[in-house]
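Each of the next two complexes has chain A plus one more chain, namely chain B in the first and chain C in the second.
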Partner chain A sequence: MYLESHGIAADLPPGWEGSIEVERDPDAVSLAELGGVLRPVTHLGTFPLPRDRGDFGSGAVDVMGGEDAFIALVEYDPAEASSELFASRGLPRSLDPRAFSSQALQRQRGRQAGWQGFFNEGGRAFCLYVVLGDLDDLHLLARKVEQVLAGIRVEVER
Partner chain B sequence: MTIVVIALSVVVLLLSVLVAGLLRSHATILRRLHELGVGLERDPGTTASPQVPRTDGSVPPPRDVSDGRRAHDVVGVDPTGAAIGLRTVDVDHDTLLMFLSSGCTSCEAFWSELAGNGSIDGVRVVVVTRDLAEESTSAIRELAPEGVTVVASTGAWKDLEVPGSPYAVLVHGRSGRVVGEGTGASFTQVKELFLRSSHDHDGKARADQRRERELDRVLLDAGLGPGDPSLYRPPTEPR
Partner chain C sequence: MNTTRRRFVDRAVDRVSTRLGRRDADRPGLTRRSFLVRAAVVGSALTIAPLRWMVRPTSAYASVCGEGAACNQGWTAFCCTINEGANTCPPGSFVAGWWKIDRSPFCEGAPRYIIDCNRSPGSSCRCRCASGTCDQRRVCCNVFRYGQCNTQIGGVTEVVCRVVLCTAPWVWDPACGRTVRTDNRTRTHNAPCLYDRDATVIERSYQDLGLNGSELGEPVGSERSGPRGGAWQVYDHGVLAWHTAIGVLVLRDAIARRYAELDGPSGALGYPRDEGETIDGGVSRTRFERGAMYGVGDDAFALFGPAAARYERLDGPVGTLGAPTAGTEPVGDGRGSVTRFENGAIYASGQGAQPVQAPYLATYEQLGGPADGPLGYPIGPSEDGQQRFARGVLVASGDGAFALWGPIADRYLALDGRDGPWGPLQESQTTEAGVDVARFAAVTVFAAGSIGARALDGRVLETYLDEGGPAGDLGAPTTDRFRTRTGQQRAGFEHGAIELDPGASSPRVLRFRSTRRANDLTITP
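== the complex of A and B ==
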């Protein structure tokens, strides 16, 4: 399955589905109405992604199982790309399972574990947020996510 | 001259016997290969797996699920133009694809009904329209029911050979096969139709499990456990 939109492309391996759309956060939408720009949000998961979900997966991670994984790739203002927070270069392609923890989740849920990383690529600023379904299966699930990360391409900011 | 003709006739006769022998041995080889399962028509990408005795106690999975044609995942855009890809094949859940259009009058009842009650327990309901370029995008945005995923994908219509709208296709996630399709006057009617189809499917699975348990019991009573080589002998082989 191949998805492409907003200068982001994802070639998904079997078992994954997703979407690439503009952010839905009410504050961002309000700002956009005042002349701001809505940035793309990419959601990828190994489970049926519900229609109503937040930019960082609220509503989606609530329904994911222990064998599932969820990825949110959220873009920020390109002006932030050179800031300290986004200093790391390039989308992370490999993940350290030890970096995942239940503390990194927006809301702690069952045995889920999360990890968040910030980086710049092609002059664009991104946050990569990954949620794994089971703390006891971090190595396997992280490898699953790496398979997807290997197939994501980010175009240079125009 | 006569001698040459006779000699040539003998040569031709000998060659004919040789060709007949070769054809016969070729037919024998093909028949043997066929018996081993090689060369049978299969889905692309699958390979023949020879039946070998198992000693690990596991039971081989069914070779194929013959019921229903193969379904396809759905890739397109949502009414806002966002790229969206939905997995319907090789997943644990079933998917009911409702093929609707912004222009068809018969679809109106479906759109309004889906807005109020677009969910079915254990089944993911997805509305599929044609590409936004072929639909009224503004109408689709207005019609899109709250909480129901709407995908514009002419490709999905072609993949599943949808004859027109409204039309429903129920995909069994685990087998990746279409287990029901058709249409009705309303979404409620379609739900009733497909829930029955789904229950029939579950019923068959339960019946298969019952039969399997009964066969296991009979075999175990006869002293034949999992992996017993006698279970894998061809039925024609003398015992």
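== the complex of A and C ==
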């Protein structure tokens, strides 16, 4: 499966699905009119992603199994790309399973483990948030995610 | 209509709460304390969402605190739950990011924003469950960051707690960026220390300001209705006033206290038009529909109507009047007001508002001001060494001012005032034997009844004064001293005349007989 939108492309291995979307909700559009910045969110998962999900995967992580993985690649205002939080350069392509923790989640849930990293690439600011389904399978699941990360391309901000 | 609805709800709630209370009370193992806590939550739930609470198979906890309120459900607690009621980031944490919930009933259908307060680098905190209310979510456990705020701080730390807002985060805190992130799965999350779905505009604003963690402190009394559908609420250190035309405005400290004393928007000032600004030297100004309030140190002075507008046109505290020293007060005649300042006063009436300053103010007020004095209200500012009033004029002289009023003032002004033929005024007008007297450098002017102001000088004046002036038997002058065609100097009086022939050394005094006819004169050699 190949996804491409908003200057982001993801070549997904079999068994993955995903979306690259900028929010279109009327509230978001109204906020944009008030100065809010709308940037894309990429959601990738090894399970069917429910339609109603938060930007960091709430709703989706609720239905993932122990053998599943979820990736959120969340983009921010490019003006933040040079800030301290986004100082790390380049999308992480390899993950350290030891960095994953059940505490590093938006919401602690069962045996899930998470990891979050902020970075800049191509003049753009991103957060990569990964949720793995089972603390006991971190190595295997992290490798699965790395396969996907290897296929993600980010275009330079114009 | 509201009242009817509330009565129905109240009655229904009474019935259900009785049943549910009995159900809980009958449950074995329920301690008195836990029952009371539960009862409080039941009460809150019934107050907040009574119909929903009755008809849906949900617990009171879920009704007040929303979904995911238990610690093991993984969400983070609200700050007010753990921060003594304050809807603010507690010490040792910083605003780290935010998300929105679309069309939230907590924000009257507008987006609601949840702000994460993360542990500050260098601070410490312990992962635990919040307790004491139904918001038993986690505290300082989830290492996670939304990432739009304070991006000068790198890294990801534990979320200590969550603040809620109905205001866009970048408006609420400029340290927050504008990238919009959304999580509608948190739609029902709430806590007893937060306002419910039926919160008023003022309550929502107070919550956005931080509840009791705001500069306003705790509410004092309940929210009050204002004119034209508005409302206002007094707090320990301020006032919130709301009306559709102005939105919610915050008044602080002394200005807020005085505004409350003046009955808020129902009083003479009406609704505020801004939240105040510092003018100069620590003096602040807040504008209202019908005036302005000035904060000077720990005091606040309310200026109403035309006095307020005039003061502002005179550059307010940085103008010549200086800062107010008292608010606008009635003069006592029921027609006007006075407002006092460091360097003068503004008197206002139906004829407008005018400043009265040194050197005029002391004389004006010694004479009784507008209500008890002869001058009436000022009708213009001081100009060219004098200030005009409804019934007179004050003329500057040295460090002070002299007053003229009535016919003498009218004639003085008609004759070009200090540039006219009478010359400088020597003292304020007086009254002798019922006759107004004003002494100028060149003449002395007398006015009695309807005769008008008459000016005498030279030998004629001296003779008149020698004869007793207004108290003498000549009475008041009825003409100026004038020169006839034959060169005679003459002045007429109520009861006679004084004549000075050309070349004569002394004037003649002519007195009317009692009939006062012109041909009945008695001549005094």
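In the analysis below, the second predicted complex is superposed on the first by the 148 of 158 C-alpha atoms of A that agree within 3 Å, B and C clash if a C-alpha of one lies under 4 Å from a C-alpha of the other, contacts with A are read in each partner's own complex, and residues count from 1 in each chain.
Here is the rule we use: contacts are C-beta pairs under 8 Å (C-beta built on N, C-alpha and C of every residue); 3 or more make two chains touch, one makes a residue touch a chain.
The model shown is predicted, which means the values in this text are computed figures rather than measured ones.
Clash or fit: chain B against chain C, after overlaying the two structures on chain A?
fit
First (chain B), second (chain C), both or neither: which does A:Asp52 touch?
Both partners, chain B and chain C.
Chain A residues in contact: does chain B have more, or chain C?
So, of the two partners, C touches more residues of chain A.
Take the Cα centre of chain A as the vertex and report the angle out to the centres of chain B and chain C, nearest 10 degrees.
140
Would you sort A:Glu23 into first (chain B), second (chain C), both or neither based on which partner it touches?
In the superposition, A:Glu23 touches chain C alone.
Does chain B (first) or chain C (second) touch A:Tyr2, or do both, or does neither?
Only chain B is touched by A:Tyr2; chain C is not.
Would you sort A:Gly15 into first (chain B), second (chain C), both or neither based on which partner it touches?
first
Can you report the least C-alpha distance between chain B and chain C in the superposed arrangement, rounded to whole Å?
Checking C-alpha atoms only, chain B sits 13 Å from chain C at its nearest point.
By the touch definition above, which chain A residues appear in both interfaces, chain B in one complex and chain C in the other?
52
Write out the stretch or stretches of chain B touching chain A in their complex.
By the definition above, chain B touches chain A via 73, 75, 77-78, 80-87, 90-91, 93, 124, 147-149.
Flag every residue of chain A that touches chain B in the complex, lowest number first.
Result: residues 1-5, 12, 14-22, 48, 50-52 of chain A touch chain B.
Flag every residue of chain A that touches chain C in the complex, lowest number first.
23, 25-28, 31-32, 34-39, 52-56, 58-59, 74-77, 79-80, 83-87, 101, 103-109, 114, 116, 118, 127
Note which residues of chain C are touching chain A in the complex, please.
It is residues 68, 73-76, 99-100, 102-103, 110-111, 127, 138, 141-148, 151-156, 158, 168, 170, 177-186 of chain C that touch chain A.
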